[in-house]
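So that you can tell them apart, the chains are marked A, B and C in the order they are listed, and the count of residues begins at 1 in each.
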Amino acid sequence: MKDMDERNIMGLIETLLFVSGDAIPVKRIADFLDMDVRKARKLMEKLIDTFNFERRGLQIIRVNDSYQLATRPEYGEYIEKFFGGDKKQTLSQAVLETLSIIAYRQPITRMDIELVRGVKCEYAINVLMEKGLIKEVGRMDAPGRPILYGTTDLFLKSFGLTSLEELPPLEEE
Amino acid sequence: MDYHVKLDMFEGPLDLLLHLISKAKIKIEDISITEITEQYLDYLDKMKEFDVEIASEFLVMAATLLYIKSRSLLPKQKYEEQEESDPEQDLIRRLAEYKKYKEASEKLRKRENIYSNIYYKLPEELVDEKEKNTSTLIEGDVNDLLLAFLKIMAQRDVQKSERRIYPITRRSISVSQRIQQIKIILSKTSQCSFFQLLEDNCHRSDVVVTFLAVLEMLKDNQIRIYQQGQFEDIVIRGA
Amino acid sequence: MKDMDERNIMGLIETLLFVSGDAIPVKRIADFLDMDVRKARKLMEKLIDTFNFERRGLQIIRVNDSYQLATRPEYGEYIEKFFGGDKKQTLSQAVLETLSIIAYRQPITRMDIELVRGVKCEYAINVLMEKGLIKEVGRMDAPGRPILYGTTDLFLKSFGLTSLEELPPLEEE
């Protein structure tokens, strides 16, 4: 890689992201390119800018400290039309409320979620688990050792967040 | 009041209360419990007229509202000595708390609408180059085929990744099988809890079957159950 | 698509190629963009040039009258190095897994096989076709009319089966 210019290295990263399909942690990119993580992160941010500036069809998204090649939202409807996919199902209000409580209050038990919503949330939690948007993150040290739930990286990705810090702030009255 | 709004529009009693408060154009902290209680009960009555089944949570809230209202009729000192927390303040706090997350979920909805339009691609399959030219493989053992399939299916359950929808064949267990299992558990330990009976992230049908099994056993006097309060765990003991 | 400029349309095509993973026949692109095939072909050639001129990491290749998004050969060794052991599996494993899915789930499209396996299966399917263990059994009635695969008589013979009913049953608990 010594004789590569920056454009080449960017092309290489694009290639790796393409082959991987999944998100690649910046640490792995840094190790591979034999540079420190900070420099690699800067390089990735530059690559993201380049993709946007050159109006590429694809984009690179960051989730936590990983990067992934993805389509742009504005092409979504055409993708659906071309491949005849089903309309993406949006989450029901009950499920979304449950998800937002988990997102802001994690780790949280089912009982605490139900206290906030004032209704049973078992179904909503099952839906979120099946969709991979939440996961068990541990057990509470309490009778029955209830499950603690938290959000996944897929949750971040699905809502266009790079980390939990980017959650829209809660409005305090 | 506008009764054309359907009860199932509301995500629970708190949601309905927020709706009533917003209609009255008052702040949560300024609500008059007496007034809101009347509207709330009115609402439930109308629902009954329309033959809408009312979830128990709505009834529990009705009871809470009536309790708060009745308390306000008593001279103040009497109850203040007995109770540490003021149920009216508790309710106001809960409403404010719920409202925060409800609003946050509206913001998440907007994000969802944008970002659900993003697609990814599957990883490329990388196979060992050296093997490419050799014409090995296919031992011709049909069991290898089965094993390979089962392995893939098992992995698939773990992956559960985005926007990949699979037909999932679900193992189902009967109520009588479940009763047998619970009997075995109770023969080993004197008591167990309902939550313990449910595996981590078990399916809804498992919960239902387990619950039916417990009810069945209770009816047949095979067990006794104890629960501390609503939504609390249920302790099951052999009779 | 009426209000899209050329750059946007190119981005859209790049997106479709990315999501598809497959080669897309120029005819389908032409139909989708509502233009004649000659014009679509010209557009695709321009897109190929753009990718090369801008020194993108990926390239678009033409196979017969179809186009596909692909990596560049000069990055091949780095892909190998980056993914090294972790992603790679032996060919026989990959092929056997693919074959087992086709055997139990036939008729099935490539996309559905890939959904189950979670990786692209183009190579494994090619090997199985070459060995005569699977064949095209029809087309699915969906956009792009994807091929449906099934096993052959040679498959039965190779595994000592007289019919598909003799496949070991899947234990559905």
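Following the convention adopted for this analysis, a residue touches a chain if its C-beta (ideal position, glycine included) is under 8 Å from a C-beta of that chain, and two chains touch if they have at least 3 such contacts.
Being a predicted model, the structure only gives us computed values, none of them experimental.
With centres defined by CA atoms alone, the chain at the far end from chain C is B. If each chain is reduced to the average of its C-alpha atoms, the one that sits nearest the average of all protein C-alpha atoms is A. With each centre defined as the average position of its C-alpha atoms, the distance from chain A to chain B rounds to 24 Å. Chain centres here are Cα averages; for chain B and chain C they lie 40 Å apart.
A straight line joining the Cα centres of chain A and chain C is 26 Å long. Residue positions 15, 18-19, 79, 83, 87, 119 of chain C each touch two or more of the other chains. Shown for chain B are the residues in touch with two or more other chains, namely 119, 121-124, 126, 161. Residues 11-15, 27-29, 55, 57, 61, 94, 96-105, 107-109, 111-124, 126, 160-163, 193, 195-196, 200-201, 203-204, 207, 231-233 of chain B touch chain A in their complex. On the side of chain C, the complex with chain A involves touching residues 1, 7-8, 10-16, 18-20, 32, 54-58, 69, 71-72, 75, 78-79, 81-83, 87, 119, 142-144. The touching residues of chain A, counted against chain B in their complex, run 18-22, 61, 68-77, 79, 88, 90-91, 93-94, 96-97, 99-101, 103-104, 111, 114-120, 122-123, 126, 129-132, 136, 143-144, 146-147, 154, 157-161, 167-168, 170-173. Only residues 119, 121-129, 131-132, 136-138, 140-146, 148-153, 155-156, 159, 161, 164-166, 169, 171 of chain B touch chain C when the two sit together in their complex.
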